[in-house]
Structures are given as structure tokens and as C-alpha cells.
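Presented sequentially are two complexes of chain A, the first with chain B as partner and the second with chain C.
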Partner chain A sequence: MILAQSSPLRPISANGPVLELKNLGVAYGRGAASVQVVHDVSLAVERGEALGIVGESGCGKSQTMLAALGLLPRGGRITSGQVLLEGQDLVGRSPRQMRPVRGREIALISQDALTSLNPAMTIGKQMAEPMIHYGGMSRSAARQRCTELLDLVGIPGAAARLASYPHELSGGMRQRALIAMAISANPKVLIADEPTTALDVTTQSQILRLIDSLRKELGMALILITHDLGVVAGVADRVAVLYAGRVVETAETETLFAAPRHPYTKALLDSIARIEDDVAERLNPIPGLPPDPRNPVSGCAFHPRCEYSREICRNALPILEDGTGAQHPVRCHVDPFVSSSLRAVGGAR
Partner chain B sequence: MLSFIFNRGLQIVPVIIGVTLATFLLAQIIPGDPADVLLGSMASEEARQQLRVALGLNEPIYVQYAIYLKNLLQGDLGQSFTFAQPVTQVIVERLFNTSLLAVAAILLASVAGVAAGTWAALRPGSVRDQGLSVIVLFFNSMPSFWLGLVLILIFGLHLRLLPIGGMQDATGSSGIGSLVAHMALPTITLAAWSLAVIARMTRSSILDVINSDYIRTARSRGVSEVRIVLCHALPNAMPSVITVIGMQMGFLLSGAVLTETVFSWPGIGLAMYQAISTRDIPLIQGGILVLAVAFVLINFAVDILYAYFNPKIKLG
Partner chain C sequence: MNTPAIQLKNVSVRFPIRTGILRRVVGEVHAVDDISFEINEGETLGLVGESGSGKSTTGRALMGLAPLTAGSVACFGRDLKQLKLASGALPRISQIVFQDPYASLNPRMTIGETLQEVLEVHGLAKGRDAKQRVDMLLDDVGLRRDLAERHPHALSGGQRQRVAIARALAIEPKFIVLDEVVSALDVSIQGQIVNLLQDLQRDRKLTYLFITHDLSIVRHVSHSLVVMYGGQVMEKGPRKSIFAAPLHPYTSALLSAVPVPDPKIERMRPRIDVRSEPPNPLAPLTGCRFQKSCLFASEICRSERPQLQSIEGHDPQHLAACHHMREPRVREALSRAARGALS
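Let's look at the complex of A and B:
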């Protein structure tokens, strides 16, 4: 494979997760006006593994990942925890120290390819920029490499596309170009933040398949951020569900779908439209709105919307169990589906 | 790009026609008989009548306009009585001096303005950013003739570093050193206001684009902060900055009238000032026409630059 030439194969045997977040907290503003948007998030992704991060808009999933890359917008800061890249903590590194990590170790694919590509630069020029200025490549070598990358992500007439401006490409092509840019330095971890949200359904599945096949081909770990459990189902090995800036449940994808433990996860699953469902059957939306991080909810953040909530849910924050035995970790006092979940794991689909 | 330039060029034609109409009407709306104005109140009735015939003042107004246009196309803008020369000659001789001053001022204002604005935008809210705001406010609040006088006072009279005027010939025949020395104070005076406006515009445009997704994309790929600002943010901020620079060039031409007067700079501005004080109507007409056409052409050039920095416009 072309890509293997430019970077020697990495040892697969290295121990431990390639990227691990430990008790990460993110806040905006200072003092009394400070708003905590991510609380104590711990996640890990192994080499080559695909981790899905699921939650509603504003649940802190993008903020968590931007924090990992040191790319929080102005006003945002990491309040606690560690971001370990192969055991090395990235928190507290200066922008200069972070630069070699970005793109080469951890790469990012953003949500809207139109706004994520520089409108005043040709595709070729923005793709080649880090290769020429930080990768020590000659112009012609970078051009060659960019053509290969565009070819790899399935852009027809790749060489000619290098001279195109972003607005001259279709939405799907732009997303492909963005993916090509992200994988150009063979990152160990690829963070895809809602990579298919701005696309039509047909293109969505093509892009997802492309990301998944690139992950397998290049041996990257993938962190797929989405609000859509359907997107996660086909790609992720494991899923973490975020609610109001906290991880509320993590499990293998199959387990999560077959036997969700958190009422929020269950509600998310019930709100997915399935093609085999009876047309007459209505979707079950989750009542209410996610909490505003400026007015934190006491106890379990989900309790105002939860049909199983009890007294304790209003008063005490449930801890995330570490998942002993057959049970996977969940952050819930009530754990209402215990018996059914055990049954479902036994007779997995 | 070529067809864009051609189409945009076509739009200039009606504007120029409008400008000629406006300068022509200027002579019409000035109260009193143009012959009185041209000859002065001491002239005899005979002489006035002769001039009326010679100028076609007894013809209907549209015929007069046609005559005006015909003369204009032949480069004849009439006779200036203050300078006792054809208006065309007065203007051509001085156009170079004014252009030299205007170009130097706009270069200074653009380069220093963009640099200062960019520098401030790198650290919004910092001491340097707030310092720039104060300087911008100061430059924007001062009339240019006052700034010119203060500069003359400091650098010319107290420090005796630079000449305070008396430039006779800007073609550099008395040496390039003398030219630069004579230009320094008028250039700074003329540039100050525009520099402040350009700096403020650059700063806010960069702050507008620096939070864009594509800036984050570039950062996420390890692009350095210097390249982010110079190669990603600045080109995207340029269209609005260029528009402001273009508008400033128009203001510079009018600002030249005051600056040239303060520094006795032998340009169109000084000639216009003299023409206005002596009611030298043909020279005022000619001067306004030339300044207006220059303004239109500058805007044309700005539009082309705008298209160059914003590839999306080329399609339209």
C-alpha cells in the first residue's frame, strides 16, 4: 500500500490504550461565571479500535475531543484530568509542543466540510501545507502524495481536483477531501466529529464506510462522535454515552444495543426509526430538553426526564460503576433493566 | 477573470458619463452669469457677449453639454485664469506630484495598518490591542491639517529634522534624498487617518475569521500560529480590508487638498485650493473631473483585487 511506504508499520504489540482520557474536566469562563461543560470524563481507545461517543447536542462530546487536541475555543480550559497519548500527558503542553501531535498523532475530521476547508485556498494547497512546511517534503512529492490521498478516498480525477477550490466540489467530495487531509500524516488516532451530519443519507453511508475501511487499512484508532446511534451501530466496537458532560454508560456496541442499562441510552434506542417497525407505531421521543450547563441539575442530570427517577436521583450524583461480572459500567442509581439486561446478554442476537 | 474585468469595466462607462454631467452642471448651478465669473465684474458688456458666443452659452443646454464633451474628448478643459494656462496643462503638471504623495500615503497606511491590525488581533484584549485602539481613536479624531501643523512644529521647527514645505519639483531633479525628506511629513499626515481605519478593519476582520472552522482544521493539522494568521486568516480577511483601502484612496485624494495646502506641496490639491479661493471655475471643474475619474478607476482596481482574493466572485 502506498501509505505504508511513507511511514514504517507501527508496532502493534505496544501495551495499553493509544489515547486515554482520565477524569477530564472542561469549563468556560472564570470565577463565578465559570460553566463546567465536561465533568470527569474517562475514556480510552486501543490501537485500531473504533470507539463511538454518543449524546445529544451540547452534551460535551465535541468539547471533550477538542480538549484532547488542545483546540478548545477562546475562554475554554481544561480544569482537571489527563490526556494520555501512549502514556504521555498532553495537558499543560504549550501550543508549540502540541503542534507535532496534531495531525501526526491525533487527527480531526470536522462536521461541516464546507466551513472546515479554507475557502480562499485550493484543495491541493491546503492539503500539502503541513507536508511541505513540517513534513520536509518537496512540492512535487507533496503533490504526488496529495493525488494518491485523494485517489484513496475515492475522489475521481484526483490530480485535477488539487486545483479546485472547496466551493467547486460537492458536499460528499468536500468531506472526502477533508478525510484525505486528516489521514495525510498517518495519525494513530482519528477523531471524526459528526462526519456525516451535513450529508444526505446515501452519501452518509458511503463516507462512514470509507472512514471505517481507512481505519482498518491504516491501523488507526477511531473516535466517532455522533448524536446518531445508527451511525455508531455499523462502525464502532465500543460506545460511550455522554449526558450533560458525563459518561453515563459504556459498553461493547452489541451489548449496548441488546441490553442498555441507563434509562437515557434506552430512550435513545427507542427513538431510532427502524425500517422493520410497524408504520403505525410512533417514535418515542425523549420528553424535555437536555440541561443547560449554566444551570446544573442536582443529583443525576437525567432525573427530570427519567421515568424511573426516585428520591435519591434528585439528591445524589450516581457514580460510574466499573462494571463487574456480566454488567458493563453505568451511572445510574436505579438500574431499572437489570433482569432484562442479563437475559438479553445470555441470548444475544 | 478576463471576462470579469471586461464586464466590470463596462459598468464604469455610465459612471464616467455621470461625472462629466455633474462637473458640467457645476458651472450651470453657480449663481450668476458664467461670463461674469470667468471675466470678472469689471469686464465690458461686449467682452461678455463675445465670451458667451465663444463658449456657446447662448445655445440650449444640451448643445452646451455636447460642446463640453467634445472639448473634453480633445483634452480641452478650458483656460485657468489664475495660472494663465490651459486647465489640462495645470492638471497634468501636478497630477504626478499628487499621485506620488497619494501612492506613498496609501502604501504607508496599508502596510502599517494591516501589520498593526494583525499584530493586535493576535492577542485580543491585551495591552498592545488596547494601545492600538487608543492610537486609532487618536488618529481618527484629528483633522489632517492640525496633525500636519503639529508635525511641522515638532520635526520642522523644534527638531529641525525635516523640511516643512517648499517642494518645487517632485520629479527628483534635486536628488532622491531631498524628495524623500520633503515627502516624509506630508505622507505621514495624509496616511494617518487611513492607517487608523485600515488597522481597525484588519483587526476586526481577522478576529472574525480566526474562529472559523477552517482555522481549527489548520490548527488540528499542526500548522503554526504564524502561518495560521498570515496564510489562512489574513487572506480571508483581505476582501473587507481591500474594500476599506479602496475607499481610503478616494478619501486620500480629497485629503490631499488640505495636506498639500499645509505643506505647499505642488499638487492638484494645492491648485484646487487656489482655484476655489479665486473662483477659477474651469480649473475647479477640471480638478473635480480628474479626481472623480481617478476615484472611479481606483474602485475598479479594488474590485479586481477583491475578485483575486475571493475566488467565489470570479464565477459571477
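Let's look at the complex of A and C:
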């Protein structure tokens, strides 16, 4: 059991995962006012692998990653667990010790990155600054590198674009520039938090393909955070599903879509409007709302919305178990071995 | 068919660009450029297109919130200009609901107070009567009555969107513009709102303009479709016909960009690429607005604006504006991309 909790993903390969979160917990406030927003999350990515993280708004996707990078805002703290970068624990490191890690080892494209670009500074300056300050590059070398990077992410006329201000670029171009900044120090892990949510579909599709090809070219591990299952379907090798601050299921992407085991994953897949569906069909939303971490739900956090919920679900927290040994751990009291019957019941809905 | 509920004829909306202390007009944004379409009573028209293509401006023009530079709008047989002059007449017919209801709900008023105010302003109910109506409105949109006591910040995004819908319904309009009303919500919750809107439409014969960039949702809700690009209509017609076989390269590009939640299909399917060059509304191109992003663009595309036309073998109501849409190589490429998206 303990084993399943601490390494719920595939067995550690010869060189091990490049980034691994073990039993990570995050809370805000102290004492009676303390609110736990991430519980006991374990995840791992290997070199060159793409891990998708999906879940509804507020389920803790961003908090998990901010915690891993030591970027939790004031009031937030890590309550448990480890963040292992090639086996070295990052938890407890000072901001000063974390600085060389961020950007160089692990890069983050944060959820609000598009709005956090400095509107008064040219793209070139924003890109070059950290290279000069932390990378010890000369001004002209940094400039050269920036041009190469913008070229790499498909911005036409890269050299001229260095002089542009953010507002002079379209949303898609700005996102490309942000990606260029994120990969500028050749990180081992790229974390992209909702990198396409603000973009329209044609631009989204281009950006996703860009991220995917860069990952392959540069051999980076990728953690792609999104609430859009269509987005992970195209890019991720494996997917972790979060609900109310906990991992409830992880599996190879194809397996997850073809044979989801957790009732929440299944409900999430059923709720999507599919372009191949025709009009008269009603959508199948999940009833109710995800819980507010200030009022945690007893037992399985999904029980008020779960159509398979039983007595035990209200009282006991299910553990994340890989009952089948197929690297497909699930956090549910309904025995994963009878998941085929579970799906059959669900299909009749 | 009798007269449509909503009818736009050759509508253009331009915004002046001003600079300097004197606010001198130095140019114009061609936000909407000569568009026409109709919506039948009790039906939904889906309006899609990329960011900046003029969707919201079209919706606002229908509500009298953006000035028409040219063209005319008729709502239920009455001219928009006349409706605007008769005080209170337009809101009794048409309402609009926005993407971010948080911005449009007064944070200092409870939900109950907000709804009650709407009823009182329009002289629909007062005092105890109004309170009762508020309860009924909350029932209608599937919110618990006790939420009337809450302030907007204490509601979830989905709940706030229900309140915004309740506020629009309070006036018992016949037509509602829904501008990206589910775009900010989780997929799990989007369906709740979409189903609610469809139930309300069925019960009350409501007419909707459903603005969105999400083609999967549009396929679920709309009877007909208008695809905009750079302020112009690229394609329009019955939903079935457009999804069965898009005629315009841009529609096809949109379809092939929608991520399909199935890893096998998503990784294999062919795509129609668009080059990323969004149109510049300050300096509109002559010819086809889509020319810079189009794989099939030729000389004529740069010189002549293509007109909306039907093509043989398709629903005669299904129109698209493309010089090359009849050519076999184009039809072949488009249908391959559409099959990829819809398989």
C-alpha cells in the first residue's frame, strides 16, 4: 500500500525519473484556519516523456507545480512530501538555492504568463535579461541566442521581432515568445500550465504541435497541465487525473481514454461535447460542483457527485492502488477488477 | 417560412481610431464588414470565428450596443432603430449574456437584490411579488432559492452564469445573445448550462445567437451556423450541411484544429494548416480576407472579394465565399480534413 502511494507510476527505470513528486501536500493558513489544497500527490516524469495533468478548475493542478518549484505565494506552504530532481530533494531549499534550478533545470510557463509579460519592455530585452544576469552571457551573444530561439518557435522575421513590444504581437505570437523564453536555458523539464487556454483553436493547435516537437527535438520531459482532455489526447504519453487535490487515476493516455477506471475520469470523458456528436443529443455534465477545499468532503471527495457511491465512500478515503499491476492506479472503493462491470453500468446511463 | 425572428442586412460596424490630445480620427477599425444573416424564431444560430473576427461586435450591434455604420437590423419584424427610440422596447425583446458574468454582476448586491432590481426597473413586479418572481427565476435556472442571499463572489463560475441567465430571463425576452457563455467553464459544468439553455429554448420558444469559438459546443446547440473571419462571413447555412461538408478553407481549418478527445484519432488525422497571420482590421485587404492564411490562395484571391454562393449538390441555403471552392483538389483536401475531425 505504502509502496503504491509513493511510486504509483511505472517502475523506476534504469536512470529513474528526472522529476518526481512524492506525497506532496500544500496548505494555506495555519492552525484552525489551515486549508489543505493539495493532498499526498505523487507523480513522476522521465526524460523526454510527456505527462498530462487534468482536472476541473480548483483541483490543485497549478498549486502542485508552484509548490514543486518553490513558487507558492505568501501564506502557502508545503506540508509533506518531497520534490526530487534527479534524486535530489528540492523541498526546503532557500530561494537562493532554487534560482539556478528554475529555468535551467525546470522551466515553467505559468498559467498567467500571457498577462505577466512586461508591457513596457521589448520582447528581446525580456528574453535577454536572464541570459545576461544568470547565464553570464554577453549582450551580443544573448541577442544572437534570442534570435535563434524565436526562429525555433516559428516567429517569422525573428531578428526584427526582438524590438517589438508585447502588445504588437498577437496572442499566439506572444505564447510562442514565452515558450522561447522557457526553453532558453535547455531545461530538463518543461512545465506548461494551460498554455493554450487563452488562444483560439487554430492557434492552439499550432502551439501544441510546437511544444510537442520541441520536446522531442530537445529531449525535454514535459508536464502539460490542462482542463481540456482533447489537448492531452494529442500530446501526453501518460495522464494523471486530479480531483479535489488528490490524484485519482493515472494511466497511459490510450488506456485512460479507452478504458478509464475511476468514476470521475469516466464522468469527465462523458461530459465532453464531441464534435462528431449531433445536435439533439443532450450533453452529459457531471452533476453538482467540485468541493471547496475550505469545506472538505468526508471519505471519497467525489462521493456527492458519483453515481456508484456507496456507504463506505462517505466514510473512508480510498487509497491510490494499482490492483492489477498494470501501471494503472486508481483511487476508488469500487474494486478496479470489476471495472468492466462498472463501465457496463455506466454505459447504460 | 414566415419572416425570420432576427434579420441582419449588409451590416457594417466601424470604430474610429483617435490619437493625440485633440482625439483626431486617424483611421477606422473595420470590425464588421457587410454581413447578412437571419435567425428563425425558436432556433439557435451559432456564430464562430477566431479572436477578433467580429463576433461580439455583431452581437452588440444586434442589441443596439454598437453603432451600425451601414445596413439594417430587424427584430421580430421591427427595425432596430425604431426599437431603440421607443424606451424600454428593445430590452423587452432582446437580452445579452456575456462570458464573464462576474464583471457584469454588482458585487455589492446579493443575487436576490440584483434580480429584484431588474424586475422593478422594467416595471414587471414589485415588493413581495418581485421576491416570489425571484424564487421562480432561481428555480428556472436550477439554483437553490437560498442562494438569493449570497453575493456574486460566493458563487462558482457556473452558478454565476446561471444568475446572468436568470437576469436575462427576468424580462421575458424573445431573443438572447449568448456571448461565450460557457467558454470559461469546466467541461463538466458546460453541459449543465448548455442543457439548461436548450430546455429554456424548448419551453419558451426562445431565439438564440450563440457566439463561441468552440465548434464542438456549436454542433450541439445550433440549427444554423455563421463562420466569420476578419469581419466578414466566410460560410453560413444549416448546421448539418456545414458539418457534413464545409465548403470554405477557413471552416475546414477550424474543424481540423479542434482537439478530439481520442488519442488514436488525434494523432493520426490530417489537418488543414493555416499560416498564423491574423487579419489586420486597420488595413483590410482587397480580395479575400483569408488570403494570407490560405493554402489555396491565387491571384484572383488577392484582387477580387469572393461572393457568398451555394454549390451544386449541397443544400441551397449553404453558402460560402471562396473563389476556388468548386475545384476538385480543394474539395478533396477539405473533405479529407473534415473526415479526420468527424470520424
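As a working rule, the second predicted complex is superposed on the first by the 315 of 349 C-alpha atoms of A that agree within 3 Å, B and C clash if a C-alpha of one lies under 4 Å from a C-alpha of the other, contacts with A are read in each partner's own complex, and residues count from 1 in each chain.
By definition in this document, a residue touches a chain if its C-beta (ideal position, glycine included) is under 8 Å from a C-beta of that chain, and two chains touch if they have at least 3 such contacts.
Model, not experiment: these values are computed from the prediction.
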Inset, instruction - Have a look at chain B and chain C on chain A after the superposition and call it: clash or fit. - result: fit
Legend entry - chain B versus chain C as contact partner of A:T253, first or second or both or neither: second
Inset, instruction - Could you say whether A:S205 touches chain B, chain C, both of them, or neither, answering first, second, both or neither? - result: second
Legend entry - Which of chain B and chain C A:P95 touches, first, second, both or neither: first
Inset, instruction - With the two complexes superposed on chain A, say which partner A:L268 touches: chain B (first), chain C (second), both, or neither. - result: second
Inset, instruction - Scan A:L117 for contacts with chain B and chain C and give back first, second, both or neither. - result: first
Inset, instruction - Determine, for the superposed model, which of the two partners chain B and chain C contacts more residues of chain A. - result: C
Legend entry - chain C versus chain B - closest C-alpha approach in the superposed model, Å: 5
Legend entry - Footprint overlap on chain A, comparing chain B with chain C: none
Legend entry - Complex contact set, residues of chain A against chain B: 69, 71, 73-74, 95, 99-104, 107-108, 110-112, 115-121, 126, 129-130, 133-134, 165, 167, 178, 181-182, 184-185
Legend entry - Residue numbers on chain A that touch chain C, as the complex places them: 56-57, 154, 170-173, 199-206, 208, 227-231, 233-234, 253-254, 257, 267-269, 271-279, 281-287, 289
Legend entry - Touching residues (chain side chain C, partner chain A) in the complex: 50-51, 156-159, 186-192, 194-195, 198, 213-217, 219-223, 239-240, 253-264, 266-267, 271, 274, 276, 278, 341-343
Legend entry - Complex contacts: residues of chain B adjacent to chain A: 211-214, 216-225, 227, 231-232, 235-236, 309-312
